[in-house]
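In the two complexes that follow, chain A is the common piece, with chain B as its partner first and chain C second.
And then the complex of A and B:
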């Protein structure tokens, strides 16, 4: 098997296994679907409430804000459905030493730890995101141009890379400090701000949400592209943040593995 | 094959004062100390040899195994396995080794073992033919046919361990690292696991490095014993040499003798059994005397129990703790 197809085969096998695991318990699976749908609806509440009192916030109309919300739900689904459950398993694995068996596999350990499981309940946020996004596009005064959509897709991928890199960085801390569960809650709280367009925030908060917890790159940046608010500088900024987070997290991951102490058996 | 030079591992561990106050203090003022788990060990293992690491708890056996598989990075010294440096985790290295840990499992808990095996096919990049050939062989050797399609969580410990071995060996590794492979298993499964390891190693010429507390594992599987205590290597040799070096020699026991055997050098215990221990020649001499004096008596000659030999060996190495 070639060196390029092997990671893809591993990826396919991992996704297959995690979906099968998710569907093992039927009742749980159905409950997950229901809670996922409810959560999507409840996220809509605050945005609709605010826009019932005003027409624009920081120059963003309701359909434009819904676009950000749709992207936020996609991010929630991705982080909550794929990244978070896997990376909490890593924290557990470091504490109990069960990471041993992953590190012995002749496949990229970072890939293996990132895709061992999925949480089907959070994957419903993705469906919610698609529905809200469709609604937003249908109510926008004009449809985005193909270029706008292409730029948005690139920025979104960059945002996914940035958020994934951030989460890997958080997880790496567990190799040195073992218990970092609380950090996850801090990150989630920061992510919640991603449901609002980034121009709503000013000053250092805006800088934090762009560079430190790059949630804006994943939600607001693509929405800015779709609504024609993008410039080459914005694209360059978004790409740089994505690449930086991915690169730094990869480097840190390798350093963290060297400090892995396992757990005595 | 395996070459280890001055291998050392030092852990830095926090020292916490006892109690709540101690916990509070360690939040702001954390003191640590260094614990030397493995202290400059050196040895070689040629291809196809079966080696057992023996030592009390905390002797450094598992730490050594984890450095040999690349899980832990050595603090000092070097180790090479199959010409690779394990800590680099080269794909070609990982494809040729396996580590089975009696206390940790790789099987996917909610799915049948077959799904773990299928995942490993992708992870190890095996062709379908190579995979199914290996699977057929292992299912047969490990008697897994009835187990393979039942969810792992519904399997007994023995069944799970057998399936673990199958998952760990599907890629036909050249080096097997086994860390306490029979821990917690019942006698029958222990025997099956031991038989299996021998058969697999013989059939595929695999090298085996085993750690165990169970002397029966050692006696059944290994050709060579390395005693490790306090992170240092002590005895290195075969099991018979170990017995000769640290054992009391063979033991002759005579039950149901109708004459007094004290005159030919035997002692009598509280249960009325006559006995004598010594070198093979001394015991043979005593035996022929006993057969003349008491031809109808029930006579047994035994080697010293391995546990006893080890206890003496560890004591000789200055280890207070004995293997459990």
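And then the complex of A and C:
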């Protein structure tokens, strides 16, 4: 098996198994799906309320803000559906020593801990993101050009990488400080800022949301690209942040593993 | 499990005797988990996000009497009131019931909720202490947001805060007790929270909602848990309607208390049947 196809095969197997686990408890699954749908709907509320009182905020019209919201929902679906459930499993694993079982397997441990489980209820955020995104595109005065869409896709991927890197960094903390459960709630509430266009925030808060908790790269940057408001500098900035977070998180993960002393041994 | 009326007095005396010790234990618990408590408080900074959003909007025009200063004052009040009315009993109850640890709690000579309430009330000073640097920074940024609402308003705010705290606590108790019947009651509370976010005054002052909605929004329990004390503290409430607002809060507290009592009696009967 080639070195490139092996991670992909592992990835496919992990996604299949975790979906099956999620649907095993049927009543739970259905309840989760129902509450997820309502939660997704309720994120529309604040945006619509703001735009019932004004036409633009910080120069962004409603369709443009809806684009940001769509990207925010996609990010929520990704973080809540894939990243967060896995993070809590690692924190558990470090505390109980069950992480050893993963580390012994002949596949990359970071890949394994990143995709062990998915939360199906968060699928609604993805569905909601697609619907809101479609609504935004339909109400925009003009359709985006293929180049704009391409740039947006690149920036979005970079944003996903950055957000993923941030959560891996948070996971790594659990190797040194066992109690980091609460950190994820802090991260979640910081992510709530991602549903608003980034120019709403000023000064150092904007810098924090771009470089430190890079939600802006995931939500506002691609939205700017789709509406044709991108510049090569913006793309370079977005890419640099994504690459930096991936690199730093990979490096920290290795350091953290090296210092991991199993709780069971 | 329902205590006979003649024994209610004895229970109250027992609670009164145990209260100082309970409070002492709760405070040491908060001191022990101070980092955790601080992180929790940092998760409730959404009012600052909404402050940034509405501040941008009110730059262009005053909305329903709210300019930038008023918006700042409103959301700083929201930040404070949110901390002073917070509880987490829904998670605690769910955990106690699911794990069976409620058994130990039931052995105490007074209702388990007294312990929970003491634990959560003693967190309030800590919450204020953590919040104070943030509020100080906000006042430094915008000194005009400080406005003394007057002693009467301050007194009424205290009453309203107490009612809002009680309502929040009791609503959480009701949702927490659903764990007697459902394995996953947390999801239902999440539904309540989604509605609460939108309709309590947390993401926008109630005055920003369309006028047609106000009539029924004011009668829902959401505003009673947050919006009413925030408006009093920030000096936004209409003096002629304060009485009605406080009455609505009190009425919801009574409703939630009765509901909690019914759920407790029924749930406990069911729990006993399963546990023995």
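What we mean here is this: the second predicted complex is superposed on the first by the 264 of 265 C-alpha atoms of A that agree within 3 Å, B and C clash if a C-alpha of one lies under 4 Å from a C-alpha of the other, contacts with A are read in each partner's own complex, and residues count from 1 in each chain.
Here is the rule we go by: contacts are C-beta pairs under 8 Å (C-beta built on N, C-alpha and C of every residue); 3 or more make two chains touch, one makes a residue touch a chain.
Everything numeric in this text was worked out from a predicted model, so none of it was measured.
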| item | value |
| --- | --- |
| Fit or clash - chain C, chain B, common chain A | fit |
| First (chain B), second (chain C), both or neither touched by A:30 | neither |
| Partner chain in contact with A:153 - chain B first, chain C second, else both or neither | neither |
| Chain A-centred angle between chain C and chain B, computed on Cα centres after superposition, in steps of 10 ° | 90 |
| Chain B versus chain C as contact partner of A:9, first or second or both or neither | first |
| Which of chain B and chain C A:19 touches, first, second, both or neither | neither |
| Partner chain in contact with A:236 - chain B first, chain C second, else both or neither | neither |
| Touched partner set for A:212, first chain B, second chain C, both or neither | neither |
| First, second, both or neither for A:131, with chain B first and chain C second | neither |
| Superposed arrangement (fit on chain A Cα atoms) - minimum chain B/chain C Cα distance in Å | 5 |
| Residues of chain A at both interfaces, chain B in one complex, chain C in the other | none |
| Complex interface listing, chain B residues touching chain A | 11, 58, 62-63, 66, 69-73, 87, 89, 91-95, 97-99, 101-106, 108, 110-111, 115, 118-119, 121-125, 127, 151, 179-180 |
| Residues of chain C defined as touching chain A within the complex | 36, 39-40, 42-46, 49-50, 52-54, 56-57, 60-61, 63, 183-184, 187-188, 190-191, 194-195, 197-198, 203-204, 208-210 |
| Residue ranges of chain A in contact with chain B within the complex | 1, 6, 9-10, 12-14, 17, 20-21, 24-25, 97-98, 100-101, 103-107, 109, 112, 257-258, 260-262, 264-265 |
| Residues on chain A engaged by chain C in the complex (per definition of touch) | 28, 31-32, 35, 38-39, 42, 45-46, 49-50, 52-54, 57-58, 179, 182-183, 185-186, 188-189, 192-193, 196, 200-202, 205 |
